[in-house]
Every structure is written in C-alpha cells, then in structure tokens.
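Residue numbering begins at 1 within each chain, and the chains themselves are lettered A, B and C in the order written.
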Amino acid sequence: MSEAVLETKNMHMAFGGLVIFEAIDFSLRRGDRHAIIGPNGAGKTTFINLVTGLLKPRAGEIWFDGRNVTQDTPQQRVKAGLVRTFQINSLFKALNPLESVMLALLEREGRSKPSLRTVAQEKPLIDEAMALLDRFGLAGDAFSITDALAYGKQRLLEVVLALALKPKVLLLDEPAAGLSTQQGHEVFAKLADLPGETAILFIEHDMNLVFQYADIVSVFAAGSMVLQDTPENVRASPRVREVYLGA
Amino acid sequence: MAAILTVLFNGVAYGFLLFVMSVGLSVSLGMMNFVNLAQASFSMLGGYIFVTALQGYGIPFMLCLPIVFFAVAIVSVVLERLIFRYFYKTDDLTQVLLTIGLVFMSIAMATYVWGGTYQRFDMPAWIIGQKDVFGLTLETYRIFLVGFGAVMAVTLIFGLERTNLGAMVRACVDNRRVATACGLNTELIFAFTFAIGGGLAGLGGALSANLLGLDPNFPLRYLVYILIVVSIGGMGTITGTLVASLALGIADVMGKYYVPQFGSFIIYLLTVIVMLWRPHGLMGRGA
Amino acid sequence: MSATEAASQAAAPHEAGRDYFASLARWKVWEILFWATLAGCYFFPDIDRMLMSRVIIWGLFAMSLDVLLGYRGIPSLGHAVFFGVGAYVAGFLGKFGWTEPISGLFFAMFVAGALGLVMGKLVQRVTGVGLLMVTLGLNLIVFDFVLRSTELTGGDDGLQGIVIAPVLNYFRFDIWGRTAFWYAFVVAFVLFVVTRMLLKSPFGLALIGARENPRRMLTLGAPVEGDVSRAFMIAAALAGAAGALLTQTTQTAAPTYLSFQRSADVLVILIIGGAGRLYGGFIGAIVFILLQDYVSALSPVYWYFWIGLLLVIIVSFFRKGLLPSVEQLYDRLRSRKSAGPPG
C-alpha cells in the first residue's frame, strides 16, 4: 500500500446550522484513481472546496504531500500541485481556448509578472498549449471565443486547464456532467492515459464510469463517509443502495 | 449639557431627513439589485414641487406633502417602465453610469425650469419658531421632522420588512420565473416598490428644502450622503438604513459643531473604514 | 526552466498558435494612422494647440483608468486622486526650485504609483458597490484634505508660483502651446507604447483572465489579489503622469484636479470611447473635450445635460462604447461583403 498524498483528519464543516461533515477522515494515495459518489447534497463539492481552500473547515486538518496545508491559501495549494475543475463550467468566456490554456501554463511557470515581453515570445509554452488542446480534440477551436464553444467542448476545456498545471493531485467535480455517455467515456479514456503518479479524485454520478475507471470508491452521505472500498464491493454493498434510495 | 443635547437633537432630526431620502435607494439596491443614483434627483424634484405648491399655489403645508409623494412616485414609475427596467440585469457600473447620466440631465433641467439660484419660500407660521421641551429650547420644525421621520420609519419597518411584500420582492429578484409561476406579478411588484422608494425620496427632498436649501446642485451635494447611509447601513435593510442615517446625521452635526476644521473629513474616513471592515454594511447580509 | 524545456520537447512547433499571439502584438495600420493624425493636428492652421494638448492629457488619464477598469475589471469612482497627486507633486517641485520637467514627471509618477499601490492593497478584497464607495470615499478624503490644507496647497486658489524650466533645457512652454503640445504628445505616446507592451505581455493576459473569472484564476494559482494592487499601481502612475503633464504645461494645480467631478468625467470619457480597448480613452477624450469646448462656449450650464444624455444613450444602445461599436459595424459590413459559400 503506497503512501497517502492527500488526507483530511477529523475535518468538520457546517454552513450555519447545516452540518455537512461531522468529522471526516479521508485519504487519497499516490497514483490512485479514486471516485466519490453520493446523493445530491451529500457534500461532495463542499469536500473539494475545503480541500482546495475555497472554503475553510470549522475544525480538523488537511494534509497534502506530507505537509499540513490547512492554513494555506488556495494559490499555495495549487502551486504545490493540488488542482481542481468545477462542476459548473468556470471558464474565461471572452478568451479563446489557446489564451485560456496559456494563462494556466504561464502561471505554472511563474511567468505572469509584469514585464514588457509579449506573450508571443513564449514560444515553447504556446507549442505546449496547442499540443495539449490537440490531445483533447480542441485544436480546431483554439481560436474561437470560449463562450461560443459547444457545451461538450467547454467541459473538455475545463479539464485541460487543470491538466495544464501538471498536478500531483487532480480533483474533478463531475467532469462528465451534461455530456453524452460516449463523450463521458472519451474524457475518462484521455484521463486514463495520464502518467501513473498523478492521483485523480473524481466525483461522478454515472456508475458505469465510476466502475470502469476507479480503483477505489468512497460513498458520501448524510454528514459522513459511509463506505470506502473497491468498486466491486461497493457495487455489492446493500448500504450503498440504502443511501441512494434514502431508506 | 443642554447644548450637547440640543446638538444631538439636531443631529437626530438631520438623520431622519437622510433616512427618508435614502430609504428608496436602499430598497432598490438591496431588494432589486439596482443602483439608482437618480434617487437624489427624485429628492430634488420633490423639493421643487413642494416649493411650487406651497409658494406658487398657496397649498397648505400638510397637503403639500402627499402631493409631493404621489407626484414623484408617478414620475419614478414612469422612468422605471421606460428606462430602468431594462437595466435590472446589468452590472453595478452600468447602472451607476446610467443613473448618474440622469442626475446630470436633471441638474440642467432644473436650472432651465427653476433657475440656478437657491429657492426662497416661506414656511407656515405654525412650524417656525422654537418650543421648550424638557428644559431644552428646540426648533419646532426639527421636532416635526423627528416625529414625522419616526412614524415613517416604523411604518416602513413593519410595512415592508416584516410583511409579505418584502419577501415577495426578494422572491421576484432571486428567481423571476419561479416567482411568476407562483402567481406573483413581478412587474407590478417592482413598479410598486419603485414608486414607494421614489415617493419617499421626493418627500425627503420636500422636507429638506427648508433646512438644507434647494438649488439645482442638490443631487450632487447629497448623493454622497445617501450613498454613505446606504452602504454603511447595508443595502436592503430598512433598520440598517435607519441606524446608519441617525449615526451619520449625529456625527455630521456634532462634527461640524465641535470640530469644524475637519468638516466632513471624519464622516468620509468612517465610511471608508466601515466599508473595508464590513463590505456589506453594518447590518447587511454577508456574502 | 528545465521543466518547460522537457515539456516543450514533446510539443512540435505550432505555427498557427505562434502566429496568433504575434498578430495580437503587431502594430496595426490604423494605430499608426491614429498617432500620425494626432501629431499632424499640430500643423492644422488655426488649431488651438493648448486645447489639443489638453485632449492628449485627458486621453492618457482615461487610458490609465482603462488599465484598471477595462483590463482588470475594477471600477473606480476615485481615479482623480492619482491625477491630482501627480499634478500637485509636479507643482511642488516647480514651486520649490526643481524646475526640470522630465525628472519632475518621473517623480510625480513615482509618488502617484506608490499611493496607488497602497490604495490597491486597501481595496483588493472589496468588490461591487462597496468598491465604488471606498474609492469614492478615498477621493473625497484626499480632496477635502487638499482643500483644507490652505497653507500647503493654497486651498481653493490652487498652487501659486509654479516655475517649469524649458524641456531639455531648450523648448520653453509658450502661450501658444507649441511646447505643451509636443511635450504632452511625446510623453503620452511613450507611456502608451509602454502600457501597450505591458498589456500584451503575460501579465496583461493574466489581468484579463482575472477580469473574466477571478475564481478560476485563483484555482490556476494566480495571485489575484496581488494583481489588483499592481493594476492600481500602474494605473495610478499613469494617471499621475497625466496630472503632472497638465500642471507642467499650464503651470497651475488646483483642487478641482482631484474633485469627484473629475473622477466622474474620466469614467465618462472612457465609457464613451469604450473600455478594454487601449484606444477607448483617447477616442473618448477627443469626443468629450472637443464637445465640452464647443458646448460650454454656447451655454456652460447645459453642458451637463448633453453629457448626461450621451451617457444614457451610450449605456442604452452602445453598451461597450463607441470604439467597439464601430468595430462591430465594420466587421458586420465586411462579413456581409464577403458572404457567400463558406470556404
């Protein structure tokens, strides 16, 4: 069993009086393909918001790559290699995909400080951006305004932006939401090609995708993690059925 | 001691004036997300209508007030139907630019119609002079203002904040489709809210004509105060607006009385500090 | 940068991508025409060169606001503060013996920029109406301070006794505005070129990214709040330069330079021209100042009626300002002309 790269220890969260997590202990191992499932409102997105620092937990700790990052800012966590996508597309509407990916690459390389060098001079990064877009079938749309892209392509761009940062841990909030079954499979097939050391934590409602691409599945419901096991065992578990049917 | 209390009382009277002038902006901003700087022009219009009715037509003071309220309410609804409603969905800055453009126009129009100088008029005899209350010598008009403002505040807090209407307006803003589906007439509710806000601003202008002076630059002079009240009090809360108005009124009158060399400096400074500390106002709903 | 190299080894050179960014940075023909025409104004017979230098100065001032509003998406109702500070700093230098204009200009930019940085740090977490209020409040505070510190600033009457030496020790500021015109033009052009480069750089792209979606920029690891204060600093330094130019070309500095009215005016100018276009400020200034000169001569009182009406019309029908609207029209005409079978 390999070491944990991302861990929460006793993490507690509530919005006002609405308790989302009583106290959650969670760990993601290096290289894992880990799925989170659970009914709507179980707190899956909130979990990602907490881990990435967009929300602060009421109590408990978050460890990433051997460091306590509970007090770190969102940027510090991104710089350390903890990167996410959004459940609802969160893109740069007036920019095109090439410019959007360039933003990520320039940020990754720390080259966005004020300077008089034009973006055009960053030739290797431009090439890298185009190659990345090409890999996800977006090269043909590289120069179209993001807002005008088909929804499926925007969804892909959401993933490409995160990948451009070369994360150690990639957190995907329902990457296939709103895509056709086939498109969903294409996205996951591309992700499966990523280098093995990148850990992927993804939230997904489509069980077929979960069982095909995850090595391990966590089930969230009603303020806690109900179960964490292999896809086969989760599929067979009566607890999971209960959770979903709300018994 | 008596001097302090008198100054305090004057501050409270001024505060109630500010409250009546700014509550309309607070409502449109907080409930409808609409930054209506033209509210200051509504006040000016109210002032001019008041003076014209009182002086030009000899209408009794107490009758002038409802006339002003309804006249300005009608004007503001007309503007809402013609212009403002197309801007509910735009960003803050666009709304600011639109309504400041209207303020500029209103200033020029007031100059055209009423001339560029301060208006002179006579208040009725019963309201001028002074009265002794609890050993303090207070101006009758300010006593009237405090009483009038207090009644307005109570009416609004119970009529708008604690009733269905407030909830209905908010429902309309949050989700028009759902609100419509629930049988609410969103257009009507918006127009109605606007009318009340505009009418009140007009009333505020009428009541202040005597105390603050009325000329075409009125909107620009008091816009800052109205904005300060609304942003400090927290948009959309009538109680917050009341508290902020009173605080500002007292601070301004006291400041100008005891440390005149600082002028409005203290108020501006306090505003900036409050806004940095609580960007949604003292009683605003945090985001 | 070994990571970059390693990554890019895999990526083949991509001409289309490179060309795209190269074309963004390239000077267009109409840009060169614009500056040439502006310079050429000098040679028109009967032209009021003092007025033209004022147009250029206001254009620079509006461009400085564009960095903040158009590129970073931060509205400010208090931008005149930086203009005024630049103006007064240049004025003080001239009054107390440092009469050399170019170093004075730089110093004024430096002070205004430092103030901008501080202001940016103060407001970097505030958004929406709160931001409008804080910038407005700070403007009022500084204005009030300048007006009241009569001994320091001359109060209402403005700064007296400003002396400015000839530019490069040779070109005297004369009453015909010959030196004023060229001095303002050259300074504005140089600052424009620098700003243009800055905005075409990765930093400029990051500003636009933060304007479009600050939360996403944050999750890409960008220093979104730090960028606010940097944008403030740059915008403030440019505004300070505009203020210093006005003081140096007219040898006056008055409290109206940093009044709220001026903040509103510069915002109006930028909105008329179009924000986020770099040239919007200059276009707006040409329209606004020339119109103001013309209308005010007829009836000063009603100037604000027309400017108000213009504002209402612009936000109602040309949401993005004149320049983008003209561009759109041009694009539409061109695409209609070339309409036909796709190919």
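Heads up, the rule we're going with is that a contact is a pair of C-beta atoms (placed from the backbone, for glycine too) under 8 Å apart; a residue touches a chain by one contact, two chains touch by 3 or more.
Treat the numbers as computed from the prediction; the structure is a model and nothing was measured.
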{"item": "Contact graph of the chains (line, ring, star, complete, other)", "value": "line"}
{"item": "Contact pairs, highest-scoring chain pair", "value": "A-C"}
{"item": "Subunit A and subunit C: spacing of chain centres that average the CA atoms, whole Å", "value": "40"}
{"item": "Whole-Å separation of chain centres (CA-atom averages), subunit A against subunit B", "value": "49"}
{"item": "Centre-of-Cα separation between subunit C and subunit B, whole angstrom", "value": "35"}
{"item": "In the complex with subunit C, residue positions of subunit B that touch it", "value": "29, 35, 83, 86-87, 90, 92-94, 96-98, 100-109, 111-112, 116, 224, 227-228, 231, 235, 261, 263-265, 268-269, 271-272, 275-276, 279-280"}
{"item": "Contacting residues of subunit C [partner subunit A, same complex]", "value": "1, 3-5, 7-8, 10-14, 16-18, 20-22, 24-25, 194, 197-198, 200-206, 208-209, 212-213, 215-224, 230, 234"}
{"item": "Parts of subunit A lying in touch with subunit C, wherever the complex brings them together", "value": "52, 54, 74-75, 78-79, 83-84, 86, 90-95, 98-100, 102-104, 106-109, 111-120, 122-131, 142-143, 161, 165-166"}
{"item": "In the complex, subunit C residues that touch subunit B", "value": "69, 75, 77, 122-123, 125-130, 132-134, 136-138, 140-141, 144-145, 148, 260, 264, 267-268, 271, 301-305, 307-312, 314-316, 319"}
